[in-house]
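Okay, so chain A shows up in both of these, paired with chain B first and chain C after.
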Partner chain A sequence: MTEEEKVEKKLGVYICTGCDIDLLDIERLKKSVQDEFNVEAKTHPHLCGEEGVKIIKDDVANGVNTVVVAACSPRVNTDVFNFENCIVERANLREGVVWCQEINDETKEEVQLMAEDYVKMAIVKAQKSDLPEPYIEETSKDILVVGGGITGITAALEIAKAGYNAYLVEKEEKLGGWMAKYYKSLPSKPPYIEIEDPIVFKKIEEVENNDKIKVYTSTTIEEISGQPGMFDVKVNRNGNVEEFRVGAIVVATGWKPYEAEKLEELGYGKYEGVITNIEMEELAKNGKIVVNGKEVKSVAFIQCAGQRDENHLPYCSSVCCLVTLKQAKYVRMLNDAYAYIFYKDMRTLGLWEDFYKSAQEDEGIFLTKGDVKSIYEEDGKLVVEVENTLLGEPITVKVDLVVLATGMVSTIKGLYTVKEEFPDEKAVPYKHIVDLHPIKSEEEVEELAKKGHILNLQYRQGPELPTLRYGFPDSHYICFPYESRRLGIYAAGCVRAPMDAVACMDDAAGAALKAIQAVELVAQGMTTFPRTGDIDYPQFFLQRCTQCKRCTEECPFGALDEDEKGTPMPNPLRCRRCGICFGACPERIISFKQYSIDSATSMIKAIYVPPEEEEVPRIIIFACENDAYPALDMVAMNRMTYSPHVRVIPVRCLGSVNAVFIADAMSRGIDGVLMMGCKFGEDYQCHFIRGSELANRRMENIKETLDRLMIEAERVKIIEVEITDFDKLPKIINDFVEEIKELGFNPFKGF
Partner chain B sequence: MSTILVIGGGIAGLTAAIEAAETGYDVIIVEKNPYLGGRVAQLRKYFPKLCPPYCGLEIFFKRIKSNPRVKILTMAEVESIEGSAGNFDVTIKINPRYVNDNCTACNECVEVCPVERPNDFNFGMDNTKAIYLPHEMAFPLKYVIDPEYCKKDECKACLSVCKYKAIDLNMEPQTMKVNVSSIVVATGWKPYDASNLDNLLPEHPDVITNMMMERLAAYNGPTKGKIVRPSDGKEIESVAFVQCAGSRDENHLPYCSAICCLATLKQATYIREQYPDAKVYIFYIDIRALGRYEDFFAKVQKDENVVLIKGKVAKIEEDEDGLIVTAEDTATGVKTRQKVDMVVLATGMQPSSSEYKVPGIEYDEYGFVVPKEGIVAAGVARKPADVASCNEDATGAALKAIQVVRGR
Partner chain C sequence: MELDPNFSRKLISLGGKSLKKCYQCATCSVICPISPDDNPFPRKEMIWAQWGVKDRLLKDVDAWLCHHCNDCSEYCPRGAKPGEVLAAIRAAQVQTYSWPSFIPKIMAHPASFILFLAIPAILIYAVLKYAQANLGWGYIPEGEIVMSNFIPHIYVELAGFVVGGFVGLVALISAYRFWNAITEGGAKVFDIEAIDDMEMEIKARKSFWQAVLSALWDIITHNRFKDCGTSNYRYFAHLMMFYGFILLGISTLGAVVYLQMGMELALPPTDPVKVIGNLGFVALFAGTTWVIFKRFSDPERLGLGSYFDWFFVILLYLVAISGIAIELARLAESTTAYYIYLIHLIFVFSLLTYAPYSKFAHLLYRAIAYVYSESTGRKVEK
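And now, the complex of A and B:
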């Protein structure tokens, strides 16, 4: 939008005097608005009620398009104070002032100044914001499903059933994945008792008869470039290269078995009669289970083989207890033989308990907890010695076959995923990454790059989905399990976490929904989780770019590619609008329509800084919208109070705080800056993955700036806040105010 | 535009609703409580990250606030469902809140209300006034009156102080009819009634359930987050957790409730954090820490003050200054008698249908929803599961509901 096209702003300011806000000097508040902005603020004792809202609506109908509501928290009454085609800014006078401040003769003046500042800050922010225009391109609503096992097949069917087109790409010759190789599968629906023929074959037929699904077998992906809505996929089908465009991607490439060769101590590789659970499926398919030409009469199943073990896989593969029970049933029904199961815990969760019971009731299946001491061959039989059993004494059994319940590893594990997971010695890795991934040398990285790939995303940060632990893709797996660090790309099934086939099918439906949601949203220029529906995307004034690469490296979502010179190439539809790039840029060339360097620094400038003689400090608190700001509201809901010398500025993420805010604040005489954000580290809470982590890292640079200004580094502090920490916040804030008072006032005051 | 009905506004219902709405469909959430969030709002932390549920809930509420496609009905229950996939006629009863949308949550009414009631949010461990806000993060942020305790016309103290005409003591139940294409049943669960477990002394004040422990540990709980022995406020030196209390048991809930092992490990960390010297005894049958939760189990196990005993608890008895837990340690065959300050029964989850069956919905023998054309279940209404699994299957449920709307 050019300057001429910009719509003229007509400001309206509305102050609610309800909910104790009338404890402030409202007339004086109105006067401060009039003096500075030449606008008469209107007041109402119940602004969120019908009458109050009508006042605003009438003004909007008469041309007001920039509305500032000075009332309750922006987290409340969001739907009430929502006016079409208007910029709306909220000044939090309720939870932000009257409910969290002690108001008496001594504090009255400071509290009044706090209210005045908040109203001025909101007006200035509104004035410096513009209504965003969405980034609209012609996008595809087709979806690519990578992997043709039970998960991929189910995802493709669900996508088709919802009315969308799916491309199903499978590297093997046939669809079906692991499940097609099994003799029987676990029950796929309640009651979870009878094993059944693998459901995957029926589903393959459905896929082949579905005209909304295009199947590519013997196909690998050469590369994927572009962004959600416009992913350009190049595949190689048996030597022929084909290209197509999709809007979103579901990764369902499943798992690979843990290398049983590493389990020599359990006899694998040493004795022919020691096999894995996967090899057991192949044996069962032959009719009777035969080893060394002999029909097997007894089998020992060893659970947690190479799992729950720091020397192998530290995690649990979730399904092996169920799989072993299933295979014990094979032993009974095919050979009428005896099965021993030695476990650490029987993990048949939830309704699978019925399946466990059905095995317990079978006299031919013997189960006990126990640790396997040794396995060796003797007189043509395999001897298994088990200790710490439930029988109070060690057991020794002699069997014809030993089945090791080995675990699942994500197919992403071992691949070169993103640069930061394979940092070279020169890079400074992020804490939560370096804890999980030891630093690799450049040679190791090159070797890894040769190991093949799944997606081969042409993203500057790396070709695959970033992983969290053990090679499983990164996400807030409790609350928002499908959101990966790549917008528009969703993982499902065992590539994401070890799970049984029923769970895989459920997971496929979940990822399919997310993929459909993504194609619908990006078609409107909107981003997805967590700022779903936001059309405001960061714009880059590239003339002043110095190619420092901070934005391209720090973006948690890989939204920025780079040209040969290192200049960022934004892909707006990959962007989650966190503002981390904005916070990183030392040249300050990035901005949003509703969040810019100008709008933020103007808010800081709008704060009245009392002269030093008045001996009253001024402290800015940047509070992350997701956890810290709600926690501050909760302080107020509980009527707990804190210092009136602070000014809270909500930000979308601590990572979106640009160092210039702090430098500006300091040079204006602000005495201290407290940054409150989400926890970072391995069990991070930050909804943009590493915003608060980056803010913390950037503190180093900030301290340098402060040093040059001859300002104490202690004036800027960052703390991790959980949303339920509201009981601690008053003390944290007040303590910081005291610390600042001890340091003395900012020497720049009054300059 | 065809609408999707989501019955239940807990974490599964919220996920199904918001995911469907963000994909472009109109959704109505019917929630019987005065607030959304269901059971997770009562949890202090989630396993294994030990993070607060409110963090995720805040994001859910933010997404709902900015999405006009989601319509929320609280204090509401489904009375009947008729019709078939693509065309269901649903009758919804809205129970009176006695507080209308003018409520600004200013709290003046609570200051003057003369009556107290047991706080169901804290499982009766403390009281609220008859007019109350369920908890400070309640969404919608509106107060509510408990008609069983309110003195109504005899009192009217709240009416006299409310500046916003938000209180209406004459509010009547209302009925509304809606036509929807598909239904997601996400009615969740209630804690299994511990009073059925006679041998475990459930009526004793110091024998509490795992959900009550969550409230004790929470700042907005009855003790501001300090975990103390309920009978006398004593600080905790030892506590016993009894796993599978009423689950995996033919006489109670035959299935496994999926979360209690991890919930207990999590609660062990609550105790250990507050009391660095306290001892925690966990009596279990199997520790079900699947997948990546194994890490969490390994971490808690490393704490020497957490003792795991494989054995079913036979009985709990009172002692002069504590409780005695008797169990057979199946590993050693030795009967153990452990004296502790407090016992936490890891009671399971019973689907809400055990209390109220929604007419028009089919349930299996355990009380879980049997899906049919146009009606799908999510969360614990479907099967016992942890929060992560509930969110996963609720996302899938949203898709299934959308597929019906799109007529395929």
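And now, the complex of A and C:
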């Protein structure tokens, strides 16, 4: 849209006087709007009611297209104050002022100024905003499922049942994955006691009879390019390359067993009678467990073999206890033999406790906690010595067979995933990455690439899903287990966390639904979690781009590719609209229609800075909309109070705070800036993964700028806020105000 | 450490039906008011029972420190009922240490109950037939009901000495075996290495005779029993049965004294010896009735008891009932008193003769365990 085509803005300001807002001097508030913007604000004692909304609607019908509602928090009544084709801005007078301020003769003036500032800030923001238009392209609603095990099969079936087409790609000749290789599987239905024939075979049949599912066996993925809704998939089926387009992807490539060869101390590879739990399934398939031609009479199961062990897998694979209990049942059923189980902790979550109980009550199954001291052969038997048992002393059992419960490793583990996990040696690694693999040379990357790949995404940041701890592509989104850090790509089943088949099936259904949600949303140009439904997307004024690559590197979601010169090539449908790119951009060429450098700095400029002689400081709080801003609302709802000298500006993420915001604030004479963001690092809570970490990194540059301006670095501070910390916020704010008062006024005040 | 899966099965059959359910949380040991801090019971007994650690269980003196108050079973989150498992361990020990070993083996089968009653019945029948033919007594006499007219007391006393001698011998053998088993390895109760580096506290030990005195005091006062929570009724019920039995013993002794003094024994209810005996009956009968009633009223919480357990309770009850029935019949001047007397003799014979193999033996084992626990510091001091 060019400047000429822009519809002229017609502003309407509406002040609600309910919910204690009338404690303010409403007339004075109206007058300040009138004086500054030449608009007569309308008031109503119950603006969110039918009558109040009608006032606004009538005005909208008469040409008002820019609505500023000065009432409650922008987090509430969003459905009420929603007017078609209108820019709507909210000034938070309720939670932001009257509910969180002590109003008395002494503070009255400052509180009034606070309210006036918030109304002005909302008005300038509305004036600087434009109506967003969605990024609409012709998209596909088909969904690719990678991996034909129980998870992938279930996902494909769920997708088909919901009426969408699925492509199911499996690298092996047959569908079924691990489950098809088992003798029996854990119960899939209540009361979760009887082991059963693997349920996967029935599901394979269903898949084969479903014409909405296209099955590709003996097939690998060559590459995937594009963005959600428009993923172009190139597959290789027995040497023949085929291409198709999908809208979203479910990654269900599952797990691989931990290498038992590394468990020599437990006798693996040394004694024929020491096997893994996978090999036990094969033995049991014969109908009788036979080793060396002899029917097995006793079996020792060793739990956590190479697990919860810093030298091997540091984590618990969560299912091995159940697998062992299942296999102990094989031992009882097939051979009427004794099963001895040595565990670190018996972990049978949820209803699986009943399965544990059922095995425990068997007279031929013996369980104890214990550490295996040694395993050796004597008189044709395997002798297992166990220490620290619950029996109070070491015990020794002589058995025919030892089964090691080895753990699960994500199929993504070991692959070259994204650059940030394999950084250059000199690069400062992100704190949320636990498994770092510093790279010394380009050749090393090539070596890694030879290890194979799963998706081979043509993303600038790397070919696979980014992983977190232990090589699992977990999202760390507390409430959104299937999310990955690539929009439109969802991980399900053991690839993202070790789990049993029942959980895999639940996971598959969840991921399938997320994929369906994604294809539907991107078809309308909308993003997904956490700004679900947002159509506003970042626009790049590339003429001024200096190819510094900060945006392309810092985007947590790999939304930006780049050309040879390093100019960003945005993929709006991969974008989650956090604004980290515009926080990064030194040239300030990135903006959203409703969230831009211009609108933010205009808001800062709208704040009235009292001259020094009035002896009151002004402090800006940039509060993350995900945790800090709601926490501030909670402060107000609990009627806790804080200093009236602060002005809160909500930001999408602390990562979207551009250095220029702070520079502008300081040069305007603002005395201090407090940035409230989410916790970062290993256990980060940032909804955009590294926004708050980036804000901290950028502080270094900001401090340099402040130095240059001869301003104390202490005037700018970043703190981590969890939503549950709301009760601590008033003290944090007041303490900061005191700190600033001690520093004295910003030397730029009055310039 | 020897593992014997069959011993685990044996404990299950002796009443520890739920022992496999234990998952070693140790709630039982924490809740137990009389379990010591070092190596507390019954947690360790539970896993020994699960794994069939026969040698440990048979040497486990702690099983006798338990009074089956069922606090552990009440609080057990898995319904493993440790109280019943310990009772089964005690039964297994009684069966193991008594002599000759074939008797407890046969007694383990409930069907043998008839057989065990039949033995005294046949013996008494044979004696009566012999007396009728050769000694001129054993006929139902006419006139006033006087037992010695039916069977002269000297023969009953004689039988008493024979039974007493046998029971005493078996008890001695059992006690010797039990004492040897629990003291094996010297002074310590357990020759188990402490888990991790947990230190074992060494407590000052009492001398043997101090321990005996202290144990006797505990037995007389039922001091240790008193701490029971869930089945605290058992403290009172057992106290009644215990003193009822002692009063009956005193009354029997009195009768022997009367006999030595040449007195006739058809005593009136006002006679002091009879008063003591009747008081004893009331206490024993009330206590036993209370126990039986309680068990049936809340078997889930209080435990219904195993056959091993009932064998003793039933005999005790039958002895008490048949005893009072004789007295009532005698006062009613009915000759059925003589028949009841025969039946009473069968029950008394059974109660006493089988004592070393039945739960009756607990008085021996528990007393020894008390003495031992006093001398090793495994008694919980308040």
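The rule we apply is simple: the second predicted complex is superposed on the first by the 736 of 751 C-alpha atoms of A that agree within 3 Å, B and C clash if a C-alpha of one lies under 4 Å from a C-alpha of the other, contacts with A are read in each partner's own complex, and residues count from 1 in each chain.
The criterion applied here is as follows: contacts are C-beta pairs under 8 Å (C-beta built on N, C-alpha and C of every residue); 3 or more make two chains touch, one makes a residue touch a chain.
It should be emphasised that the depicted structure is a prediction, and the values quoted were computed from it without experimental measurement.
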Check chain A with both chain B and chain C modelled on it and let me know: fit or clash. clash
Thinking of the overlay built on chain A, is A:Gln360 touched by chain B (first), by chain C (second), by both, or by neither? second
A:Thr396 in the overlay: touching chain B, chain C, both, or neither? Say first, second, both or neither. second
Quick one: is A:Gly18 in contact with chain B, with chain C, with both, or with neither? Answer first, second, both or neither. first
Check the residue A:Ile723 against both partner chains and state whether it touches chain B (first), chain C (second), both, or neither. first
Just checking: does A:Glu158 make contact with chain B only, chain C only, both, or neither of them? Give me first, second, both or neither. first
First (chain B), second (chain C), both or neither touched by A:Gly177: neither
State whether A:Pro617 touches chain B only (first), chain C only (second), both chains, or neither. neither
Touched partner set for A:Gly488, first chain B, second chain C, both or neither: neither
If touched residues of chain A are counted for chain B and for chain C, the larger one: B
Quick check on the superposed pair: does A:Pro568 touch chain B, chain C, both, or neither? Answer first, second, both or neither. neither
Determine, for the stretches 21-29, 219-227, 273-281 or 363-371 of chain C, which one clashes with chain B when the structures are superposed. 21-29
Which chain A residues come up in both lists, the one for chain B and the one for chain C? 346, 357, 369, 388, 390, 392
Contact residues on chain A for chain C in the complex? 338, 346, 357, 360-364, 366-369, 388, 390-397
Which of the residues in chain A end up touching chain B in this complex? 18-20, 45-46, 48-49, 72, 75-76, 78-79, 158, 160-163, 190, 308, 314-318, 345-354, 357, 369, 388-390, 392, 469-470, 472, 476-482, 497-499, 503, 506-510, 512-514, 516-517, 520-521, 528-530, 532-533, 626-627, 630, 634, 637-639, 678-679, 683, 685, 687, 722-724, 726-727
How about chain C: which of its residues touch chain A in the complex? 1, 3, 5, 8-9, 12, 20-21, 23-24, 39, 44, 47-48, 50-51, 53, 78, 190, 192-193, 195-196
Chain A-facing residues of chain B, complex: 19, 22-24, 44, 46, 48-52, 54-56, 58-59, 62-63, 65-68, 102, 104-107, 136-137, 141, 163-164, 218-219, 224-225, 248, 254-258, 286-295, 298, 310, 330-333, 364, 366, 368, 383-385, 387-389, 391-393, 395-400, 402-403, 406, 408
